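For reference, the structures are reproduced in the following blocks.
Paired with chain B in one complex and with chain C in the other, chain A is shared by the two complexes that follow.
Up next, the complex of A and B:
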């Protein structure tokens, strides 16, 4: 059984809960007092992840850190459909890798701004917000042009991949860092599509899609 | 230092929480904002605390002996938090007698920054109507959406709002709830920017859990929301109880941050209330009567 070292309000922890829910993978949670207790910097947790970050999983003794890496592992190991991380499609794997790195950029900007506003992290919030807008503009254009050719998801496939899961949380939580998504209509439509994936679950700050179909 | 021109005297003279004692390092200075003023604070190993208007010689992270700070602001410690005031505060902070009961778990749950005015945050805290929609499956669920008739009174000395006989069906009222139940609530507003909620304990039908929200207005539209729990729970550790509270508050956060206008309009015609908003109506009237203008849109003269 998978154990997830988890903080409820972390978008990077949520993306693992989300994928495991979609894949129907059972797991148990070890709640970590990330805030205010900074338990991820405790000796016990540093032993599991010397970087002092969440999430971490322990799957029958296999300990992995880094949200994007864990998405790769979970999809490669537990997705019977082979769609979320298609191991036999090199072009798509390259594309997925590219957007997983992009998701790290979203964490470094949009998530950082949210940590500043909500949990009082000491950082240059204006730089973080500007960085997030730059990435959101790129993602919005990518999704907009994709829609023109009938592509609903981040990567060139007729189904979502782990890159959609990787980018989703901190884009959807951006307003908590003072980053409006008003100017990104394609992102908003894509967000609603992700919310309609069977098995979708919410976290605090992310609401389910309305009953109407996405346009 | 910025001018404090827009701060009414009632607001200025209140006690405000600024940090959880447990979040401070002994004898290390911290900084925060209160009513647009940068202030510093420190809590010593002995528990002695100090707060001061920001000064260049005491920066965040500096070592300081709290007992040696002179010319500081008034301080008190209460409910796990350090409180201060920029004016001349009352002798005491409002009482929460349950906090002293020996078998309770007292937890300073967390301090969260929210892009909202303090009065809007209090009003949301008093509202039961949003439970099934915002805290779906936890504090409420459809079709149990009715806010049943409840009572609201302002205490004899006019210094506290009390809402009683509040009842709501909750699927998972607390960390020790076993399935759904009709939960009884009592709300107190003993301070314009603090509220204390009592809800029936799943473990003891004669007693109530206490959940309080203490707001530190950083400015008129940004607060630090400090949460305090005093609950009956002999089953879960503090991390688990905190997690539950953070999950609930995290669900409220986007709702709070999307309120418009950000400041609470006190003119009764500004926003149309329904019967379920009785406590909010009393709260708005009470703020008006007190002459509070901070974080609100006062009634036009």
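Up next, the complex of A and C:
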């Protein structure tokens, strides 16, 4: 069984819980006192991830770090539909990889601003917020033009992929870092769609959507 | 600037079913949602319960549910339909969110901050055939965006890759500008509406006069998006160099007057009979806020110098404040509120929460600190915020040219409240600043030295100062009947362990007051109405006359002579030493 080294308030841990919930994968959690205990920097955790970061999973001895990498692994291994990480579609895989890297950019900006505001990290919060707005403008434009051609998700497919899961948490938590999403209506609509994926679960700060309208 | 108050606040495609759009116009935020029946709701973006943004709420197509405590509001009326914490109760119909007009036209959703005549038609646009561009939010004032739009260059729909088109301004009015691009035989009209989001934020919403299909449509949308993005970058660079205007602070509407005037529910107890509006709030001294309270309608009841009102605060607390008005000043009540460092919520609520324009429920004025106007000389001794009843009294005597002195003890000049009122007292006013307790006592001894018959002293201030002043007055020969005082609060620990019987002589009722209950509570519990105000033995409102028995006084309202006589009792805190008290009630 999968063991997730987890911090409840981490968006990067949440995205793994979210995908595992959607895929119906069973897992157990080892809570890590990320704040204020800084347990992710403890000797035990550094042995699992020398970068001193969460999340980490242990799947029957396979130890993996990095949220995006773990999303790739979980989808490739446990998604029977093959939709979340379509191994036989190179163009889509390339696109997914591109947006997984984009998700890292969101972590470096929007998540950093949230760490500053919520957990008192000492960093240049204005730069972090400006960086997040720059990324959000790109994402909003991308999603808006996608909608014009009937595409609901980040990548060119008629179903969500792990790129949606990778980008979702820290976009939706941005206001905890003082980053309003008011100017990104296409992002806000996409957020509703992700929340309506069967198996969706919430975390603190990410609220559920109501049911979609019956067609 | 504009001939009408309508502005686009969203595109129609921003409102899919079951989505709540976050809009804003002139600083005022909206929760915008399309109900399943197609109706577009434009609401104030705050839940009436705790002020949480409704734009993070959940639309079920018929109702919008607040994310915080689940209050639900109905499509169209915005009336509250359900409060989860009170599942058995129907929410009062008065709980209705503020709505704004909504109109859908030209692929945009329009609203207005005021009731407006019909949305005017825009020349050259036809609802049946147009193309709505991607809205372009900018961190820049609307005026700057409009100025740059005059130089906006674009290609006609069917000539995106042709040579650069000629663009002319077709019309410009208010927050909109219409541009026509011509290239060869092709031409396209683009109308841009600039939505003033806030003082330094706006959205460019463009509409083209012709729709297109498939890839051409996409190419046109991309073309404008690229050029508008470039325009946005130029405008934002220019805006960043300008001094930023402060964000517009929207004024939230108070409760509608007809709702505000609904009578209070309770038949007894502390009634809030009058609704007043905060006409003015200002800092009258360091840490002391002045509030001018005006009636919603009609006249305020008569007040006398020394009177106080109960103010029912938005946080549910009830506090007493003296009316500071001069005689005849009856169009409003002015109170002074000191911000207490150890505030239990009263003063901080008034200081921080209550704003100009807010409505407050107050009691009618009561006067338990009446002023004699027959003294040969009157001394007013105020400590700190204790000035409030005394300033009303001093103004009354001053106006009648009766001999009086107002001695105002305060930390320093910045602590002197209501300087404009104090100024009317002329030489009757003396301020004593920065005295420590010993120096205060010495000054009081000086002031109280020469008692003559028919002199009266009125004291209001902190308890330690009043204790000292009363002791000195007694030592200097002032009879209790000439020394009048008002405490802010009763700081004595109340002992309610006794149990006794009260006989209400006029009502022919005998009741048992058990330990832990007050006379007032027992009477009210048995249907006997009794006015009260502070309910801690300081204000004197719930006084009753004792016919028989020995009161156990625990109040700070009665003076020593009154207490010794045993003829009066404060029913909110005082009890009986005897097994039985007969009250004239």
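Going forward, the second predicted complex is superposed on the first by the 210 of 215 C-alpha atoms of A that agree within 3 Å, B and C clash if a C-alpha of one lies under 4 Å from a C-alpha of the other, contacts with A are read in each partner's own complex, and residues count from 1 in each chain.
Rule of thumb we're sticking to: contacts are C-beta pairs under 8 Å (C-beta built on N, C-alpha and C of every residue); 3 or more make two chains touch, one makes a residue touch a chain.
Quick caveat: nothing in here was measured; it's all calculated off a predicted structure.
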So, after the overlay on chain A, do chain B and chain C clash or fit? They clash
Just to be sure I read the superposition right, which of the two partners does A:120 touch: chain B = first, chain C = second, or both, or neither? first
Touching partner for A:104 - first (chain B), second (chain C), both, neither: neither
Partner chain(s) touched by A:36 [first = chain B, second = chain C, both, neither]: first
Based on the superposed arrangement, let me know which partner A:211 touches: chain B (first), chain C (second), both, or neither? second
For A:144, using the defined touch cut-off, is the partner it touches chain B, chain C, both, or neither? Pick first, second, both or neither. second
Going by the contact rule set out at the top, does A:189 touch chain B (first), chain C (second), both, or neither? second
Which partner chains sit in contact with A:58 here, chain B, chain C, both or neither? Use first/second/both/neither. neither
Intersection of chain A residues contacting chain B with those contacting chain C? 207
Residue ranges of chain B in contact with chain A within the complex: 20, 22-23, 108, 110-115, 224, 238-240, 242-243, 246-251, 253-254, 257-258
Across the complex, what residues on chain C touch chain A? 10, 13-14, 16-19, 21-22, 24, 36, 56, 58-61, 65, 67, 134-135, 137, 201, 203, 217-218, 221-222, 225
Touching residues on chain A, where the partner in the complex is chain C: 141, 144-145, 147-149, 181-183, 185, 188-189, 192, 207-213
Chain A residues touching chain B - in the complex, by the definition given at the top: 7-9, 31-33, 35-37, 39, 117-120, 175-176, 178, 203-205, 207
